[in-house]
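The structure follows.
As written, the chains take the letters A, B, C and D, and residue 1 is the first residue of each chain.
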Amino acid sequence: MSVFLTPSDRLRIVRVEESRVETQTARTVFFRDEACLNAKPGQFAMIWAMGADEMPMSLSVMNDEGRSAVTVKPWGPGSNLLCSLKPGELIGVRGPYGNNFTSKKGSTLLVGGGSGVAPLIPLSQELMRIGAKVTLVLAGKTSGDLMLLGDAERIIKPPHRLVIVTDDGSAGVKGLAPDAVRDLLSKKAFDQIYSCGPEKMMRMVFDMAEEKGIPMEASLERPMECAIGLCGICVVGKYLLCRDGPVLDSKQLREVSKEFGFTRLDRAGRVVPL
Amino acid sequence: MAKAAPEALSSSKLSVNIAGLTLSAPTMLAAGVVGITPSLLRRALDSGAGAVLTKSIGLNPREGYRNPTVVGVECGYLNAIGLGNPGVQAFSEQLKNIKGDLPIIMSLFGSGPEEFSQMMPLLEDTPVKGYELNLSCPHVKGVGVEVGQDSEMVSKIVSVVKRGTKKPVFVKVSPNVGNVVEIARAAESVGADGITAINTLRAMTIDVEAKRPVLSNKFGGLSGPAIRPVAVRCVYEISSVVRIPVVGCGGVSKWSDAVEMLLAGASAVQVGTGLATQGYGVFKALNEGILRYLSEHGFERVEQIVGLSHSF
Amino acid sequence: MAKAAPEALSSSKLSVNIAGLTLSAPTMLAAGVVGITPSLLRRALDSGAGAVLTKSIGLNPREGYRNPTVVGVECGYLNAIGLGNPGVQAFSEQLKNIKGDLPIIMSLFGSGPEEFSQMMPLLEDTPVKGYELNLSCPHVKGVGVEVGQDSEMVSKIVSVVKRGTKKPVFVKVSPNVGNVVEIARAAESVGADGITAINTLRAMTIDVEAKRPVLSNKFGGLSGPAIRPVAVRCVYEISSVVRIPVVGCGGVSKWSDAVEMLLAGASAVQVGTGLATQGYGVFKALNEGILRYLSEHGFERVEQIVGLSHSF
Amino acid sequence: MSVFLTPSDRLRIVRVEESRVETQTARTVFFRDEACLNAKPGQFAMIWAMGADEMPMSLSVMNDEGRSAVTVKPWGPGSNLLCSLKPGELIGVRGPYGNNFTSKKGSTLLVGGGSGVAPLIPLSQELMRIGAKVTLVLAGKTSGDLMLLGDAERIIKPPHRLVIVTDDGSAGVKGLAPDAVRDLLSKKAFDQIYSCGPEKMMRMVFDMAEEKGIPMEASLERPMECAIGLCGICVVGKYLLCRDGPVLDSKQLREVSKEFGFTRLDRAGRVVPL
C-alpha cells in the first residue's frame, strides 16, 4: 500500500525494449510503462538516464502494442547516454506530465523540426482519426537528420500530405521549415497550425500564423527540474511549461511574445538568449 | 455608515499583521518554490497569496544540481534543487522591473556573516518588503542548516543582516537540529522579526530496481504532508517561547492544514509542495477555507485563532 | 551430496549474522511494538521475524501517558505511549518463563549512566541475546533522545552497559539531533556492537475541530511511511562511517521498503508501524519479498545487497 | 486529498446528539459518524472524552436513522466525563475496530452484564434478522443498574426471550447471571452462547458451556492504548484484543484459559489480577 500524492509522480524503473535508429545519432527508445500508454499527444515524460541526467521527453509513441517511446537527439550527457542504451538496460520514467495539443477537425498544418517531430506523429494519428485533414511538414538539416521519417511515411497517406524539407535539399524540398510553411500558407487555407521544434523556427511560423489569423499551438522546450510546478525553472511569462504547457496556444504565445523565440532561464535562473 | 461589500469584509477578517507587514491573507508562497521570476511571484499574489517568498538567493550565481532533483515519495517529495540562483545582483535587477507595491519577501542564503554582510548593500534599492534567511537548507554544503544548526552562528548572521537593513528579517529554521527552540531564541535575541518553521528534512530514497539513490545529490529535503506533524510541533514549541511571530511551513495543502498551523501558533502559513498537488489555486482554496472556519467557529479575525491550542 | 530442501535453501539465503547473532531472516520486530509479553514476542518469531525487540524497559515500573496515546496522521502515526513498562525486575521475571533459545533483544532506557549501571546486574540471568539502548525516544523527559543527543553522554552510557554484559549492545539513535553520524560514531568508539536507526521523529498534531493537541502528552513520535526517507538517509549516512552493523528502522511495511533499507546499508530491518497496517503477516511478506528480489537480481544471500547503493 | 494508511484511523470530531439516561449514572451517547454506521455487532470505537481519556467502547447502536451510540458506565475520569456531556458537546471517534460476533442461525443464548449488554443489542437484532432464536439474559446489580433495558424490551418479542436477572431480585429473576444461565442450560438446548460483561461472569458461563459442549464467543475487555495492534497492552495469551478480538471463540478461550477471568496487564505492563 504505497501512498503517492500523485500516482504519476512515482518513479518507475523500466527496461529499454528496443532502441531504433532514427539518424546517425538519434534513437527512438521503446519501453513498457502503464501510465504512458494513456498519455495524450504533446505530453512528455521525465526520463532518467541513470548516472547522467533526467530529461523531459515528448512521447513519440504512446501505445504500440503496449510499448511507449521517446525519440532522442543527443546533446549532452543525458541524451547521449539515453541514445547509447542497449535493449535490457534500465531507465527511469515519471509522468506523463503537461498538457496536450487540442485536436480539432479541419485543415491542419503540423510543423516539426528535429526531435520536435516526436509529438506530431501521435498527434497526426489522432487528428486523422477524428477526421481532420493533415499536412505534416517534417524538417531537418539533411536527409540524414530527418527523425521518425519511417513512421511519418507509414501513417500519412493521401489525402493527407507529408512535406519533407531539408536545408540542403538532400531530401524533399530544399530550404528551412518556415520557407516551406510560407509556401503552403500562400497556396492553401489552413484552419489550425501545430508546431514543435527549434523555438526560433516556431516563432517564425507563429508570426506567419498571426498575420493570416490562423490559430496555432506550439510545444515549447525549457530546462526542467521538477516537472511538477515547483522549481519554476521552466517559466515562460507567467506560465510553467511543465504544467501549463508544454503546449501554448496563440493567446498565450502573444502574452509571452517577448520571450518566445528569444530568451529562457538557464539552470541558475539567469535570463539567457535562446 | 455604508455597509462594506462582503469581499472587503472577508479580506479584513483574513488580513494579518506580521512583523510590521500587513498581508491581505495569512497564506504565503514558500521560499524556493516557483518564485524565480517577477511574473511567477506576481501570479502567486494574483492567486490569493498574502505574501510571496523568492527563491533563495546567494552572493554569486549558482547552478543547481543535475537532475534528478525531485522525486516523489509516500506523502511527499524529496528535492535537491541545489540552491540554483542568478546571484543577488542579477536577481535584484530583475526585481526592480516590478511594478506596484507588492508583498515580496526575499530569501537569502550564505556561508556565514561575511557573505551576508557582502550581500546586504547590494540589496538596498530592491523593492522587497523583507528578508527571510534560509539557515535551513539540508542539502548544500557550507550553507543552510550547516550554518543554521549553531545558535552562535545564527546570532552572528542575524546581527549582520539586521545592521544592513531596516526591513523585517525572518529566520527560517530547520528541524534537523538538536533543539529548534534554542535556534529560534538565538535569532530573536539579536533582533530577528519573525521565525519561519520549517524547511525540509534531510532525507534520501534509493530505488530498489536501480539499486542507487535517485537524487543526483543523493541527499535531499523531504517536504509535503509527511512532514506536517514535525512542522506543527516546531511551530508550537517555538511560539511557546518567542514573542516574535512564527510563520508555519511544511505540508500545508488543505484549509484544515493551515488552520492546524494557526492554532499551533503560526501567524501565517507558507505553501510549497501544495503548489504541486493543488496548483496555484491552493491559495484561494486555503483562504476560503480559513474564512469558512472562522465564521463557523464564531471568530472575527484570523488573529483570534493564532496559538489557540496553547490554552490546553 | 543430498540436495537441501527448498525451504532450507531459502532460509540460508535470508539468514544474516549481526554482531555475533545469527538470525534466520533480516526482519525484526521493532522495540516497543507489541513486545510486552513473552507470548507476543514468540508470536512475532513464529510469524517469521528473525529477532524481536522488547518494549523499552526502565529501572522502575512506569505507567505510560493517559490516552490518547496514538493518533493517525497522513502516511503515519503519532504515538506517545510514554514508555509504560513493568520495570526491569518484573520484566526479567516474565522473560525467564520463556522456553527455548529465542532471538530476543531487550530494549532498555534510562536517565543516564547511573541508572543503566543499576539495571545491568538485574539482567544477568535473563535469557535475552542482546540489548538495544533506547537513547532516542522523543517524548519522555530526562530519557531517550534527551540523553541520546549528546555524544559524550552516549559514550558514557554505552561504556557502562558494555561493562555490565558480554552480550551485544545496539544503540538506537534519533533523527532529532544535529548530527546523527556523530552520535553513532561516539557509540561505536566505546564498543557498541550495532546501531539501530531510527526512532520516531518528535511531532504533534492539533485537531481543528477540537482546537487542541490530540495526544494527551501533546508531543509524540512520528512513525510509518512518512519517515522512511529520513530513516534511509540516516542508515546511509551512518553505515558510510561506522564499521559495526546498522539496523534500519522507520516506515518499513512492504518488501521494497526493506530492500531499500538493505541497499542503504542496513544489515537488517525492524518493523513497527507496519504491524498496524499489515498485521503479524508482515514478516512473512517481507521475507518472501526479499527472497524473490534476491533471486530475480541474481544474488545468493542477503548480505550481498547490504550497502550496495554506496557504490554509486 | 488526505492520505491515511487506514481510513478508519482518522480521528473524527463529532457532536453528542443525545445523551440517554440508562441508569442513574450510565448514559447512551448518540453521535453521527459515517464509519460507525457500517460497524458489525461486537466491534468497538475509540471514544475521546477530551481532556480526560480515550476509551474503547462497544457500539450499542450502529445505525439508528444515521446515528450510532455507545453505552457508558462511569468508572474513571474518561467515562465520567463522557456520561456528563450535553448534546452539542464534542467527542472524538476513531474506528470501528476489532472483530465481531459471528452470527449463526440456531438456538442462541446471549449473556450480558452491566455495560456488557451494549454489543448484544445489535447482535440480537442481527441474529433475529437471520432467523436465529434468541434468549437474552440481561443482568445487573439492581433494577436501577440494568442497561439498555428499554431497547431490549422493544426488540425482543416472543418467540424470542428476554430474561432479566438482578442480584437483589429488584427486577426479574433474583441472583447472578451465571445462576440464570445454569438454569436455562439445564432446561433447554442451545446451539451457541454469546457473552459480554464482567470477565469473571463470562468465565463462569464459559466453564458451563464447555461442560455442555456448546460453542461460545465472549467479548473481553482490556486496557487499550493504540487499538491498532501496536502497543500490546490489550494482550490476552498471544492475542491482541484490539485486533484479534475483542471477541474470542471457545478454541481461543481455551488457549488463554490461565488468563481468562484471572489476570490482565495494567498500563505499566504488569500482570495484575482482574
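Simple rule for what comes next: contacts are C-beta pairs under 8 Å (C-beta built on N, C-alpha and C of every residue); 3 or more make two chains touch, one makes a residue touch a chain.
Note that the structure is predicted; figures quoted are calculated from it, not measured.
Shared contact partners of chain B and chain D, listed by label: A, C. Ranked by separation of Cα centres from chain D, the top chain is A. For the pairs A-C and A-B, the count of C-beta pairs in contact is higher at A-B.
Inter-chain spacing, taken between the CA centroids of chain A and chain D, is 65 Å. Averaging C-alpha coordinates per chain places the centre of chain A 50 Å away from that of chain C. Mean C-alpha positions place chain C and chain D at a centre distance of 36 Å.
Contact of a single residue of chain D with at least two other chains is seen at positions 1-3, 5.
In chain C, 73-76, 207, 212, 225, 277, 312 are the positions where the chain touches two or more neighbouring chains simultaneously. Taken together, the touching pairs cover every possible pairing of the chains. Every residue of chain A that touches chain D in the complex is listed here, in rising order: 1, 3, 5.
Contact residues of chain B toward chain A in the complex are 32-37, 39-40, 42-43, 55, 61-64, 66-77, 79, 81, 84-87, 90-91, 94, 207, 209-210, 212, 214, 216, 224-225, 272-273, 275-277, 279.
For chain C in complex with chain B, the residues that touch the partner chain are 73-76, 78, 149, 175-178, 201-208, 211-213, 218-219, 222, 225-230, 232-233, 236, 251, 256, 259-260, 263-264, 293, 297, 305, 308-309, 312. On the side of chain C, the complex with chain A involves touching residues 75, 225, 253-254, 277, 312. The touching residues of chain A, when paired with chain B in their complex, are 2-6, 9-11, 13, 46, 48, 50, 52-55, 78, 90, 92, 94, 224-233, 235, 237-238, 240, 243, 265-271.
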